[in-house]
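This structure is in structure tokens; I'll ask about it shortly.
Letters A, B and C mark the chains as written, and numbering starts fresh at 1 in each.
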Amino acid sequence: MAVLLLLPAAIVIFGIIVYPLLRTLWTSFFAVDSPFPGRYPFVGLGNYRRTFSNSEFWLATRRTAYFTGVSTLAELILGILVGLLMNVQFRGRWLLRSLVVLPWALPTIVNATMWRWIFNPEYGALNALLTQLHLLPQYRSWLGSPFLALNMVIVADVWKNTPLAAFLFLAGLQSIPRDLFEAARVDGAGPIRSFFSITLPLLTTTVLVILVVRTIEAFKVFDIIYVMTRGGPANGTQTVAYYAYLQAFSNQLFGYGAAIAYVIALFILALALVYVRLLRTEVEI
Amino acid sequence: MATIARREQLRPRATARAPRFNSGRRRRLAYWVFIYAAAVLVGAIILAPFVWLLISSVAAPTDLLARPLRWVPEHISFSRYRSIFHGGQSSTADTFRASLVNSAIVAGSSVVVSLSVGIFGAYAFSRLRFRGRRATLLLMLSTYMLPPIAIVVPLYLILVQLHLLDTRLGLILVYCSFITPFVLWIMSNYFRSIPRELEDAARVDGCTRMGALFRVILPLARPGILATALFGFLLAWDEFLYALIFTSSTHAKTVPVAIAEFTGRFTVDFGMIATGGVLAAVPPLIIAFVFQRYIVGGLSAGAIK
Amino acid sequence: MTGEGSLVSSRLTRREFLKVGGATAGLAVLAACGGGGGGTASSGGGGGGSGTINALFMQQAAYSVDDIKGMTKAFQQANPKIKVNTTFVAYEALHDKIVAAAPAGTYDVVLMDVIWPAEFGSKHEVMDVTDRYPASWKTEIFPGALETAEYNGRFYGVPWILDTKYFFYNKDMLQKAGVQPPTTWDEVVSAAKSLKSKGVVQYPLIWSWAQAEAVICDYAQLLGAFGGKFLDDAGKPMFNTGGGLRALQFMKQTLDDKITNPASTESLEEDVRKIFSQGQAAMALNWTYMFSLANDPKESKVSGQVVVAHTPSGSAGAPGCNGSMALCIAAGSKNQGAAWKYIEYLTSQKVQTQYAKLSLPIWTSSYGDPAVVNTLPEVVAVAKTQLNDMILRPQIPSYNQASQILQASIQKALTGATSPEQALDDAASQVAKL
């Protein structure tokens, strides 16, 4: 019975990509430097060793870890706040709920270009706004120094992705039975207390889902870097997936790029398992 | 109609409107002021960049470069929108219109397919016990964990051999492969949170497992399904790398690729990109707006007891 | 609930193992049989030139999509047996598409950037067409243009779109400060200092030093002007000494002296154009395209004040960066005869002259032709000499990697993270390992 139910999904998921998946894995064991099939020197785990011993790779990993950590945390916190807000019944709630989808509906390409333009040191809207509000003495550069640029990319990413967290939290909040709150109120618990002892624990599932999904997405982050900063300045926003792209496509080192990609997948898998362990909930992975 | 009746049975109406804070009219007022202020703030933060996008799409190029920046541009013109809708003179605009259609078809179909197979699979993961359940779920989810860059080149070759390069069907097949694991996982967790007793009750009444799935679980899981559908749609709508490499003509070019082409080798026509962006955000927005009315309701465990 | 959290220890059951194992075996067989696609460079018909060919171009190249479609239509009318399907992609996608398509033979004709012949040629992703070149071409085409598609003495394509970086200055601003238009880099610096101290403009110079190929173009021009070389005759890096070092020190110095706009380190060519066009810079290096836009009142506040000139010279010369593009026959093409005919047509003198307004011809004799000169007289006047004096970025198969290393190092020096000497030495040692 289970097989029957899972078969369609398995076909859809693996049908077209299982060959590329295996082929890429195979490629990662050879020193492949062009897209053509053919004879290439076998290097066994050489590409993987090269990955782990490459300082550029570890720098990229550190940046990606920072990016993932900060953006996921921000999305969690902001997401639950917005989710709570959307859960309250007030007039015009439908408007807020519709608006919240906006950042998410905007394609990443547009989002990245838009923020790049907003952060422009000469003409950007952010500079204009801050100087006109007298919060800033003069126009400044936002994407010009490596660490600041990384943080600005995080801003753009969080703006776009918080709606997902908010909606997932909304769905989670909707399924919490109201009588629990009633009971707490009767027992004298204030809103903060009931939030931390009732709401949050019951939302653990949602938190985990968001953590896993956003971690996967953030670790794989590519599109926004590609359009907003192309890895600069001074490699400051070169994440690990962008690094893999550079090796595989720009440098045509397909074997090495394949190894990096699989290493990334392993990292993500490890992270996901860590989350599940830590949160020990009903959620299955 | 039967399902609605059943839902009413399960959900008590009594406590629907209890506000969180308690006691005192003044307290209540402060509460509502806070809520509305927060809503306005959130709305503003969300809208601000988007409004800027709108402004940029109707501003002349020199207005965007003004210092100090004027928030209402001096020369407002809808020529960019006109060129996209009337086309003819500019093939860029034609391409963009075609890409809107392509994206809608590709994203819509991908979601429909992924949801269909995903719901069955999710049921299996959440309700059936079988050996290797966890491993299978992990395996399926792990395809979602691999960066697309890993498999682009071999995938390209496969599409060529299947004559699916630069076709919508090719893109749909590829997109389903990463949307489905995601659907599977989210839906299986969602199903698990629905108490078995409801389903058991139905089966005691004579339903088969599948019947119970359709008549009991799915209606209750509607918010989750819709949210997942929306998410899947946006995943597909947004996808860039595969679309960039696998499409080349208006047969299958999607919106992100078309927008990326507003950037020349050196030139960046931000006004045009903004126009494209505004238009590209509309279909998901409409869908979300329609759905947000349905992402309501939920379970009430009290009903079971 | 026992196993709930302990996924790390969950092993694949035998059933799972067999499933996956069987699938792998099956696909290994598939891979062995058919997975390869187009195959290697030697395939593809030579032939008389008929059939359907697919051509890959760039969006918003010097020629617009409609221009290229026009050329193609005329070609098809003259060659009724050949049909051409044109595809246009963004510049960033061009390289990746050529690479992905190579084994599959999706395209017959592709447009290639000047920095790719070494990479594509050595990996046999584009065809060696040296033997197709009529002897006359080697003298009739601009020597600077010929280099565009050359690698190791062989030609891998035909130059088509010529471009180099010119020196632009705002004549009104220079007049206001009472400085003469500079012709050497030292004069540029002193002019800039004058402009700044007299309050004409806060940052007289603007460059495209963002972490992208753009910074290498500017660096290359300075390196050439100061007599440096990227690689020595043995192919080892020597940009960290002599002219190469001087170039980076020059760049950093102008930042330190505050005559270069600090936004330069995140600016690309388009940002340079915009800042210049808004009257916030007095002098800049940029490609041909900037001239018309900077003089267009709809796009620029300084129209009518913009002068285009030859690149300033350093101690060793005044080369411009070669930013041209060439048309090539893709390796997997099954219709190489037809592809070559198409390329011949597009690059012919007749067609190039017809569209000279958009991109200057590759043919030396065209520059005396009034039809060409009158399209953009100011630019043509400078182009005649500048296009003959261009510097190439290193033609090595691993150029992309070298460029990435150099871009990051230059940025580190410009942002002050390391000294120019240190940055270039680091880059040189990394490039040497490639």
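As a working rule, contacts are C-beta pairs under 8 Å (C-beta built on N, C-alpha and C of every residue); 3 or more make two chains touch, one makes a residue touch a chain.
Note that this is a predicted model, so its numbers are computed, not measured.
Across the assembly, the chain pair joined by the most C-beta contact pairs is A-B.
At the centre of the protein atoms shown, by the Cα-centroid criterion, sits A.
We define each chain's centre as the mean of its Cα atoms; on that basis chain A and chain C are separated by 33 Å. Rounded to whole angstrom units, the spacing between the C-alpha centres of chain B and chain C is 38. Between the Cα centres of chain A and chain B there is a gap of 15 Å. In chain B, the residues that touch at least two other chains are 65, 67, 134, 136, 138, 152-154, 158, 260, 263, 268. Contacts with at least two other chains are made by residues 7, 35-37, 92, 96, 99-100, 103, 274, 278 of chain C.
Touching two or more other chains at once are residues 14, 19, 23, 35, 122-123, 226, 249, 282, 284-285 of chain A. Within the complex formed with chain A, the chain C residues making contact are 4-8, 23-24, 27-28, 30-31, 35-37, 39-40, 92, 95-96, 99-100, 102-103, 119, 123-125, 210-212, 262-263, 265-266, 271, 274-275, 278, 280, 398, 400-401, 404, 407-408, 411-412, 415, 417. For chain B in complex with chain C, the residues that touch the partner chain are 60-62, 65, 67, 91-92, 131-132, 134-136, 138-139, 152-154, 156-158, 160-161, 165, 244-245, 248-249, 257, 260-261, 263-268. The part of chain A that touches chain B in the complex is made up of residues 1-3, 5-6, 8-17, 19-21, 23-24, 27, 35, 82, 85, 88-90, 92-111, 113-115, 117-118, 122-123, 125, 128, 131-132, 139, 159, 164, 167-168, 170-171, 174-179, 181-182, 185, 191, 194, 205, 209, 213, 216, 220, 222-223, 226-227, 241, 244-245, 248-249, 254, 257-258, 261-262, 264-265, 268-269, 272, 282-285.
Those residues of chain A whose C-beta lies close enough to touch chain C in the complex are 14, 18-19, 22-23, 26, 33-38, 120-123, 141, 143-146, 226, 229-235, 246, 249-252, 273, 276-277, 280, 282, 284-285. Remark: chain C residues 3, 7, 10-13, 15-16, 20, 34-37, 56, 58-61, 65-66, 69, 87-93, 96-97, 99-101, 103-104, 106, 268-270, 273-274, 277-278, 287, 289, 298-301 touch chain B in the complex.
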